[in-house]
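You will see chain A twice below: alongside chain B first, and alongside chain C after that.
Up next, the complex of A and B:
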């Protein structure tokens, strides 16, 4: 009798909500992230084939091509806009979020954060076209500035690297504000008061108390902005006039334009290695922080 | 936190469930009405809905219509998709040879298409399919020069070479398509626009480096937009795009460059694994019918290879030299053709150009 009961409870435990939800959250990335990446990485070691995309034959040629065909400078070049974007979004978001968390009631804060998120629900592709309309030579911004007699000739922003950065910052800023908000919201104001009590200057309080406590939010936010911006090739196409090349453009070109799957997979693997390196550094760093 | 896990789990379950339901539904529909469907895979905005509806009404055959926006995506689908294969696809001319070599297309029996006679003989028997054994011309077009008359005097522009002029700094728009961009450069150097020779491609690349300061943008999604928004003053784009832009803005004009335009021809074809071949013939024949071809041409705006349909078109379209260029121009121009593995070289230099 007791054993049967035990058995039943064990079964119900196996199928309990917690186990089910945990296994699903593991299954999801395994099926849709890990397996596809494993397949791609395998393809990157295979030979290009005009008809069947790839031949089942091992080669390192694709990786040699990375160096031989000067892909590495392209990769490094395409990091620059992403890096600039991350810095600008951080510089804008940090004081903004700090202001929101310090000056408003909890209820207003929630509402303001909600306002930050709303545009994110619209497709970034659509919003890129929207920016093009605003920044255009005969666009809204130029028309207003000329009407106000601030400028005499239209500013040429669209189809320049600046336009790409503007687009990235606008599209990705919610991803910086949200993690910052979650750390700043928890920031204990008594610690700041304590710092002042101990005669710390404003700068010292910021550097020794506020900054270290909000650093996790800064790191997460920076990753969330930096990583997607490397892949948003369509923003560079729409706002930058497709004149510059991001890593995303390279991968897309190999898969869709020349159908060289092994080379595309190789570039993709390279990005993956980059990302893993970043994450490792982050992990090490946060480890030091705890010490 | 618990609430969130619940939410995530529910949405996961939901998406699984919908996938299962849709796949089973798709499976059942194909079993029950196998001989009454035709799977048509076409370019976006290349066939109006009402034509499909009329075909369904007339024949009782259901058209399952889906679209793609580049040849490569279509190629991958044909290669990979085993369930419910497509019955009709529309590869571009330069892509046909590749698909025939890969044995992805089946031969077409012209006797089954009594409207085949409507087609313009000048657009048949092109180098990629010399006897039209595999393909039926669907639409064709060309890349020519567009100018904004308020910014540039069209009379001073004669050839592609004029795009290189110093005064057009930051004013030129090109298509974001390596073959199109290199064609222009190859032609100004008096080389073959479909070359596979690496040193020639390299020369074209070096020539393009000189053009680079003039290039304001590359765009092949909607090249007319940059003209209409006043971003660029001159460029080499598709004739259909110029035609549409001219309808919206009278200041836009076109020039057929003296080097000759670059032509493309999109074709109807039946994949090797099509299951509803007879229905595919019926639909192709329907599309080739003069009145239907005319309706499609009116909606799409590109040039129809259907001579019978052209007679039905309004004069201002049928006699518009932008859409239907003179015969000797078509003969002197180049049709875009497959370049095989040389495509990788083009890609490499195109990426370098953008660095």
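Up next, the complex of A and C:
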């Protein structure tokens, strides 16, 4: 009895300090993330007004416009660079990360992963410019290739969707490698050996053992690449010129140039749908995170 | 000794190895090439040529005389230092509260998980969505886009990283140490400063550096939530880049890369200490 009482007084002692900070912990993301997200989504259902940005009047017109106007092909097109980027980063990162986790000591692994993170922490805007210097018509790549007589005329890569994809892969590949590394690192080599001992072929071992166990990393990595890429309007501006448009560019235009908040918010809903999809998959497999 | 063949993957032959090593090398060349090119070009005595025209410091000189860029850099630095410091302070207290949190004397995993999920959502939210949401929010509550909105936004996206990192560190150590401190009559404040702080300091310092780098690197959120009165570096660079090639940008990049490299190394040291 006494120990329980003791416990309670101790709890009441830390109660006020604790509750205050716990509320603050909840309040900050609620005020600055959840409520703004809710407002943003609500505005997508309101009528456009050229004075106050929107009128308090419910409508589905914005969503209808999304399907009706020529928006849909533009919108689907804008997803293509993100999608291709996700596939390319996965194809590059998967075998390389696997190789890192199997062939190097823990210490070397940590260092190799650290080397992947450093560029990621350096201004992505400036690094896009670095890519432009390399890919430009009179850039380094063309200069070298012409010098080596591999090509006679400069390749026109810059200001094409290809340049945007190269930029995306370069900027976002660390976001694929990190989640892959954290699942592959935990993958027990003995499971693979057991599969071989039981006469599984290489392909079988991969499909039945390695792939299912690394799927969490693949899923998280893919979304970590795909989600931010949709919004990186500056990469499209710097590398893609006017030819490449992402949802990010469309949204930016609606908000800052056309000043049609409801339409911009509607376009943004598409991004939120992908975010929601990811969160649902993640929650469904929530044991992934606790492994 | 249960797996003597652990290092010997049967699936990898020597020839495949060479290919793998070579591919890995290519990956790192790919990752560092643009950075290296910019560093080299920042010393190249030519405005347009992609070939080497001699060593010069003139781009750095021009950069230092460019009051626009200097002012924007200073503003960026102020925002980065202020937001990372406040986020680290707030985040550490929150992580501690989360760790200590009990409901009716019982461990309250439900609240804890809800809060951690909330942090996860903020971390994985695409910058563009967060940027728009905050842009509308500040406009509607009539906060002028500038210093305040920028600071609040940067704290918002740094906070979850701090809380998650510090909480992970706290979760790992023996709870009895804290009970012992309370039993010996320590106040929550004393427990924090004398017991918990020394244990979580590495996590706090590394999360501060993380918050700092996230803040400096941010383009999208800053682009939407800042106004003409308070121009910060990414916005300035963005408008410069639209004008075309400018070697001053290479010089600026070299300086920023040097700073990032330094703070990454410090971060790496501290996280290594944690293991």
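Going forward, the second predicted complex is superposed on the first by the 244 of 291 C-alpha atoms of A that agree within 3 Å, B and C clash if a C-alpha of one lies under 4 Å from a C-alpha of the other, contacts with A are read in each partner's own complex, and residues count from 1 in each chain.
Please note the rule applied: a contact is a pair of C-beta atoms (placed from the backbone, for glycine too) under 8 Å apart; a residue touches a chain by one contact, two chains touch by 3 or more.
Every value quoted in this text rests on a predicted model; they were computed, and no experiment measured them.
*Asks:* I'd like to know which partner A:170 touches here: chain B for first, chain C for second, both or neither.
*Replies:* The answer is second: A:170 touches chain C but not chain B.
*Asks:* Where does A:138 make contact in the superposed view: on chain B (first), on chain C (second), on both, or on neither?
*Replies:* Touch partners of A:138: chain B and chain C.
*Asks:* Given the touch rule stated above, what does A:109 touch, chain B (first), chain C (second), both, or neither?
*Replies:* neither
*Asks:* Mind working out whether A:237 is in touch with chain B, chain C, both or neither, as first, second, both or neither?
*Replies:* Both: A:237 reaches chain B and chain C.
*Asks:* Based on the superposed arrangement, let me know which partner A:44 touches: chain B (first), chain C (second), both, or neither?
*Replies:* Neither chain B nor chain C is touched by A:44.
*Asks:* After lining up the shared chain so the two structures overlap, which partner does A:278 touch, if you call chain B first and chain C second: first, second, both or neither?
*Replies:* In the superposed model, A:278 contacts chain C only, not chain B.
*Asks:* With both complexes superposed on chain A, which partner does A:86 reach: first (chain B), second (chain C), both or neither?
*Replies:* A:86 sits against neither chain B nor chain C.
*Asks:* After superposition on the shared chain, which partner residues are touched by A:25: those of chain B (first), chain C (second), both, or neither?
*Replies:* The answer is both, since A:25 touches chain B and chain C.
*Asks:* Counting touched residues of chain A, say whether chain B or chain C comes out ahead.
*Replies:* C
*Asks:* In the superposed arrangement, which partner chain does A:257 touch: chain B (first), chain C (second), both, or neither?
*Replies:* first
*Asks:* Going by the contact definition given at the top, which residues of chain A touch chain B in one complex and chain C in the other?
*Replies:* Overlap of chain B and chain C footprints on chain A: residues 17, 20-21, 24-25, 28, 53, 136, 138-139, 237-238, 255-256.
*Asks:* Quick one: in the complex, what on chain C touches chain A?
*Replies:* By the definition above, chain C touches chain A via 2-3, 5-6, 9-12, 17, 20, 23-24, 27-28, 30-35, 37-38, 41, 48, 50-51, 90, 93-94, 96-98, 100-102, 105, 111, 115, 118-122, 124-137, 139-140, 152-153, 155-156, 159-160, 163, 182, 187-189, 213, 216-217, 219-220, 223-224, 234, 237-238, 241-242, 245, 249, 252-253, 256-257, 260-261, 263-264, 268, 272.
*Asks:* In their shared complex, at which residues does chain A touch chain C?
*Replies:* Residues 7-8, 10-11, 13-14, 17-18, 20-22, 24-26, 28-30, 32-37, 39-40, 43, 53, 92, 95-96, 99-100, 102-103, 110, 112, 114-119, 121-131, 133-134, 136, 138-140, 143, 170, 173, 189-190, 192-193, 196, 202, 205, 223-224, 227-228, 230-234, 237-238, 247-248, 251-252, 255-256, 261, 264-265, 268, 271-272, 275, 278-279, 282.
*Asks:* Going by the contact rule at the top, pick out the chain B residues touching chain A in the complex.
*Replies:* Chain B reaches chain A through residues 5-6, 8-9, 12-13, 70, 72-73, 75-76, 79, 98, 101-102, 170, 176, 178, 215-219, 221, 229-231, 340-341, 343-344, 347-348, 351-352, 354-355.
*Asks:* Under the touch definition given earlier, write down the residues of chain A that touch chain B in their complex.
*Replies:* 17, 20-21, 24-25, 28, 50-53, 69-70, 73-74, 77, 132, 136-139, 156, 158-159, 237-238, 240-245, 250, 253-260
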